[in-house]
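Below are structures written as structure tokens.
The two complexes that follow have chain A in common; it is paired with chain B in the first and with chain C in the second.
Let's turn to the complex of A and B:
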């Protein structure tokens, strides 16, 4: 017996950041929206209040807010000649498994991408010549930073982002990031305060002629009422942000920013603990008629809708397109097909060090509590004599002082067990500090996603297969950036440095610092190289929209969330302002 | 709703009174002559008002009276089904849609007036859970408009036996005649010519549709409001409805009429935040008040003479024992309520100078600690933030000490909270015991 639900104007598959933003826009415009979320309802005061939230063992170590990889996973291999195997633990994969999605457990780093990131193909060719991009599968996004600005602004207002502007309408502002794209106005809330280490990093990088600024943060600095009438509370610098919820309504998240308003709207329906299996197309294949789902109890059902919006995590967005037959699978041998194309990641390194006779007090923390320089990010510096494009943000960060997580962060040569270890940890916990290098990731032909030929999930559907390793460009970039970071750490006075360049050995999902899996269902102006048009509408099935970091054709040296939110606002407005009145392709291919 | 404990006790006595003398004595309290202004020929099921202005005014009267809080549940708009637990059985709110069989569709306008203003329904006397004693003050015009609005409600077929869950003898509706006889002031609203329009409008809302005294006045042994302590605060068992007089310590003495209006319209005056049953009243009713009406309520309440409640002796919080409690406050409470007890404006209540929390009756704070609470969701304040429960984390003594600390810090002064009071409410609410720790 299958459940046949009443028809909705719009069905949203996955209620994380992207789904919540879309649902809010579309219900406010009067559309009847049903959202389907595989995870359970999660709420601030009942699931992670301040007395429960700092449970490091439960949330960070056991990762109870994340997709359990024993239930649902992805297979992985480095090269096409290998056989992929399912990933059984987490590091690179931090998918949400609850209402709010990964937006509930993210750290809160709230970046806009640079103008260059959106036009990497054109800008690289124009500045350095076509040869510079050889071996890379560069392509523009089909939307410029200038076009994105109002949507960035809208998402930041919803999220309450704390920060200090560096460029307002072309005017460079002291204290902000002089390299950022022009903003229409200041951030909604002022920047967070400096910790000891942030101040040291700021002063050291300034002495070296760089331009430090406080990171834009979704751990907000003061109480704030957003345009939806939802109030957020001030961050307490507790440092239990990534992998955790936020107990005091301070972290930008669907729970703290959108759901209180959305859930009360009579034209919004939410099905929790219900998983979308795939979309179902009409017989002519030109449009979708709804989605097939399965409940926690194993009952299958169908949700009819005029518009299908896929807003799962990046990996699941690509997988749902493939399982639904929306668009053609990308083939790295021929370059044909677009779904699965341009998978990228985030190229990262760390430089940790210790400060004798100083207290770094890492228990004062925040997911996005950091000072950064962007002097070596994107195309902010001349690559003419360098063997790569792109770059990274270099940040001195104070994200957390979680006692379990930091147990291994000791001076080189320290014992790792017994009383000698305890002594070392007592000393080093309070003297350690770190630099994080968060770099761009450029697409190449043989980094892609497809359906695994061997492994299936508990519903009998093929797992998604990732084929990925670091490419030469990104390795060269990180080597250069790591050297710059070591120089800053040395200038700051850090001793006993521990340097980790993640791209020095083959990529594997168990050892990564970043959870930013990107691309695979990318946007663009050319239907032969992109699965989606610049409004995130499928080129092939026009009533399907796919929203997430899956749409980025390349990754910037930044966290993807705010760009995902801005793209979601833009796509939603295109739907209710244009598409519903005249259903069909919003862009001619 | 927990007032029902007392009301139920009253009913036991009254059943006897009524059995003896339901005759002549009842003449005044049961006199329905005020309903004669209404039509007695057309049934609601056969009538659909086309007077748009009257319908809109009537919807506003419905908001003033907070009808939907009790009469709208999952069965459909105004289809009833809200269960009211009492020690003497369960009452269920009625279906007031125009359905002829299961709703009020076979009532005429006069029947409707009799039910709303006189407590005489189609199945007999109404229990005073329906606040007809307050609705008696509704003007004829408001009642006509309400009737027009009710005619536009979609009929829902949903059969409800309102008092089937009441035990004998409380299931005998006639017993209410005795209660009416003793406590029902069967007279309409009287304008006080010595006061201005805003004051009179405020009193009309407070005593009439708003039925504020139903919770905010204490009740006597027979479950009737005590006129002598009018709006001086009432204990509802698991909640406490605070003092609304101008008492500067535990009432509205330091609030302005505009503060009161803000609270009614948004669920917060910037210091206090509505939760518990008041959150329901704000969500269903007071947030819909016009600016003028909300301010009128504030104007009227500010005119009430202060109750006699005095602050207790100052409890010192600088003792070593209390400094440990201060640390517990910092760890458990300050993330939202602030290190200075300042709260988050409009979302999380402040403790500093939050006079509604400083009454000698600390039931609301104990309840919030044991079971958590949720703020009102309003058009202006969408968050409806939740207060988490601490029953699993703190024992009775810890909760009592924490509340004593909060009630005596940042310039506050209030009586200490007894661990035994926490224990009693913990049992009554069936809250968890503190978790065992290894």
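Let's turn to the complex of A and C:
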């Protein structure tokens, strides 16, 4: 039996961060919106109250909020001459699958990208000459930081982001990040407090002449009412943030910030535990007429709509485009086609160390509780004599002291079992501290996404296949950044350092830590190199919009979500202000 | 009703509803007004005193205890793994969704060599429960073949030697069991049992948390964050307080 649903103005596929932001904008503008979400309804009081949330085994170790591989996984290979294998177990891939998406259990590091990140092709050429980017597939985003500023501001107001401004309308502010793009105003809530390690990191990097600042955080520092009228509470530094929900209404999330308002709007409908299989195009192929879905009970159905918005997270965004025949598959051999192009990741390393006779009290933590320097991020430093472009944020973090997660964070040479392990963990648990290096990732020709020829999901649809390995530019960058981070750790007095440069060995989902998968359906001004125009509208099928980090042509040295949220606000406004009055391409290709 | 009994009856309710009818796909209009916990997010405590569900054979329990108590022996830092309840913990874990491998992708084509080459480590299409079943048999067969005795009868020193050999990949186990990776599985699970909330049957008396100084399921450190670098001497709190 096929369920035929009443037509909606807009169907939204996936109700995570991007989907919630889009739905809120579009319903407020009066459009009739139906969202289809594969996961279940989850909310603070009913699903992760304080009596349920601080449970490391269930939420961090077993990842029970995340989308299991049995629902859908990804296949992976480093090179095109290899046969990809499916990812069978938990890995760096960490996908959301409930109402709220990964936005329910993210950590909350709430960054804007730098102006440079949006124009990396042009600015690199102008500052260093074209040869500097050789081997990289650089392209601008088709939107500048200055154009993005109001949308960043809007998303931060909805999210209640805590932080301290470093640049308000061009004026550098003490205590903030002097390298950030100009902001129109201060953060909605003040910065979080320093832990022991944050203070040590801050003082050490200041002594070295750098510019430390408290991370902008989706862990709210005080009670706050957002523009939608939703009230949030202060973060308690509970230490059960990433992989966990928030029991205090203090983590920026669709649950805490958007759903209470959105769900009450009469022109909004939500189908839960229902998966979009693909979009369906009209016979002429120029527009889509709706999406085909399947319920948890296995009933198939069709949701007709005038506008189809794909907000299923970066990987599934690309997969749904390919399954729906929206745009042409990118071919790395010829460079033709755009869907799957410019997949990037996050180039990361860590420097851990120990402080004898101190108590770092690592259990006092927040998902985004950290101090960072941006002196070596983006193009904030001269690359003239360096063999790479890009950089990384260097942060001293206090995210958690969860005992299972940290059980191997021991001084070098320690055993992992026996009385020797117990002795080492007893000694080191409360003395450890870490620096995280979160770097840019530049696109190259042969890093891309397509559909796997062999492996299928539970509904028999092909899985997405990733072909990726570190490129030389990013490896050189991380080597340089790791050296800078070791110097800071030494200055801070950390002993017995453990240095992990993740790009030294081939990329592999089981060895990485970052969940930040990027690109594959990128935005841009040129339809031969981008799948979407600068309003995230498909160049090929004009009533399809694809919103997520899939749109980034390159990755900044930052977590992606605030940029996803800002792009979502911008796309939604373009839809209700312009597109609905005159459906068609918003930009001439 | 004592808190623990309450949690147990939550758990029981959860099991039946999960068997009868999984939550259905739903059309939501308006804000869902329910305030009761979602059935599948209720705490899932290990049943204490209910006997073993997976390790029903005494010899299996003896092998496991022999291994676990070398991985985490009793010493001045705290009780051994078995004293802390890590066997009961593992039995409960293997009896449920973890043991069934419900989250794993187990579809073919299965190409063990290619998968290991691509991923840098073997991938398994057996569930954790099956891996223990095979692994314990292989340990027993190994002890009989090399030492002529049951595994649990080996001396602690000899068990350490075997565990080190497995860890370093120097010892191969019979019947195709990948010894190094079975060692890693046992090490992971033993320490999980020692460090997870006592709700799950291990970490008895929060011994693992007391050992390292982790305050457990406390949810508010605002009164402490400004006491930087101090020994806060916080007593741990569990989701299942002693009754």
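Keep in mind that, in the parts below, the second predicted complex is superposed on the first by the 589 of 589 C-alpha atoms of A that agree within 3 Å, B and C clash if a C-alpha of one lies under 4 Å from a C-alpha of the other, contacts with A are read in each partner's own complex, and residues count from 1 in each chain.
The rule is simple: contacts are C-beta pairs under 8 Å (C-beta built on N, C-alpha and C of every residue); 3 or more make two chains touch, one makes a residue touch a chain.
This is a predicted model, so every value here is computed, not measured.
**Student:** Considering only the touch criterion stated at the top, classify A:247 as touching first (chain B), second (chain C), both, or neither.
**Tutor:** both
**Student:** Check the residue A:236 against both partner chains and state whether it touches chain B (first), chain C (second), both, or neither.
**Tutor:** Once the two structures are laid over each other on A, A:236 reaches both partners.
**Student:** Is A:358 touching anything from chain B or chain C once the two structures are fitted on A? First, second, both or neither.
**Tutor:** second
**Student:** Going by the contact rule set out at the top, does A:62 touch chain B (first), chain C (second), both, or neither?
**Tutor:** In the superposition, A:62 touches chain C alone.
**Student:** Check the residue A:194 against both partner chains and state whether it touches chain B (first), chain C (second), both, or neither.
**Tutor:** second
**Student:** Using the superposition on chain A described above, determine whether A:264 touches chain B (first), chain C (second), both, or neither.
**Tutor:** A:264 contacts both chain B and chain C.
**Student:** Just checking: does A:46 make contact with chain B only, chain C only, both, or neither of them? Give me first, second, both or neither.
**Tutor:** both
**Student:** In the overlaid three-chain picture, which partner chain does A:223 touch, first (chain B) or second (chain C), both, or neither?
**Tutor:** A:223: touches chain B, not chain C.
**Student:** Per the contact definition in the header, classify A:274: touching chain B only (first), chain C only (second), both, or neither.
**Tutor:** After superposition on chain A, A:274 lies in contact with chain C alone.
**Student:** Hey, is it chain B or chain C that touches more of chain A?
**Tutor:** Per-residue touch count on chain A favours C.
**Student:** Show me the chain A residues, by the header's touch rule, that chain B contacts in one structure and chain C contacts in the other.
**Tutor:** Shared contact residues on chain A (touching chain B in one complex, chain C in the other): 43, 45-46, 49-52, 234, 236, 238, 247-248, 260, 264.
**Student:** Give the list of chain C residues in touch with chain A in this complex.
**Tutor:** Going by the criterion above, the answer is residues 22-32, 34-38, 40-44, 70-73, 75, 77-78, 98, 102-107, 109, 111, 114-115, 118-121, 123-125, 160, 163, 187, 190-192, 195-197, 199-200, 208-209, 211-222, 224-226, 228-232, 239.
**Student:** Mind listing the chain B positions that touch chain A in their complex?
**Tutor:** These residues of chain B touch chain A: 332, 334-336, 344-348, 372, 374, 377, 379-388, 390, 393.
**Student:** Would you pull the chain A residues touching chain C in the complex into a rising list?
**Tutor:** The contact residues of chain A facing chain C are 40-43, 45-58, 61-63, 68-70, 73, 76-78, 82-90, 193-196, 199, 234, 236-240, 247-248, 259-260, 263-264, 266, 268-274, 295-297, 299, 358-361, 363-364, 401, 403-404, 407, 416-419, 421-423, 425-426, 429-430, 454-456, 506, 508-511.
**Student:** Show me the residue ranges of chain A that touch chain B in the complex, using the header's touch definition.
**Tutor:** Where chain A meets chain B, its residues are 43-46, 49-52, 223, 225, 228-231, 233-234, 236, 238, 247-249, 260-261, 264.
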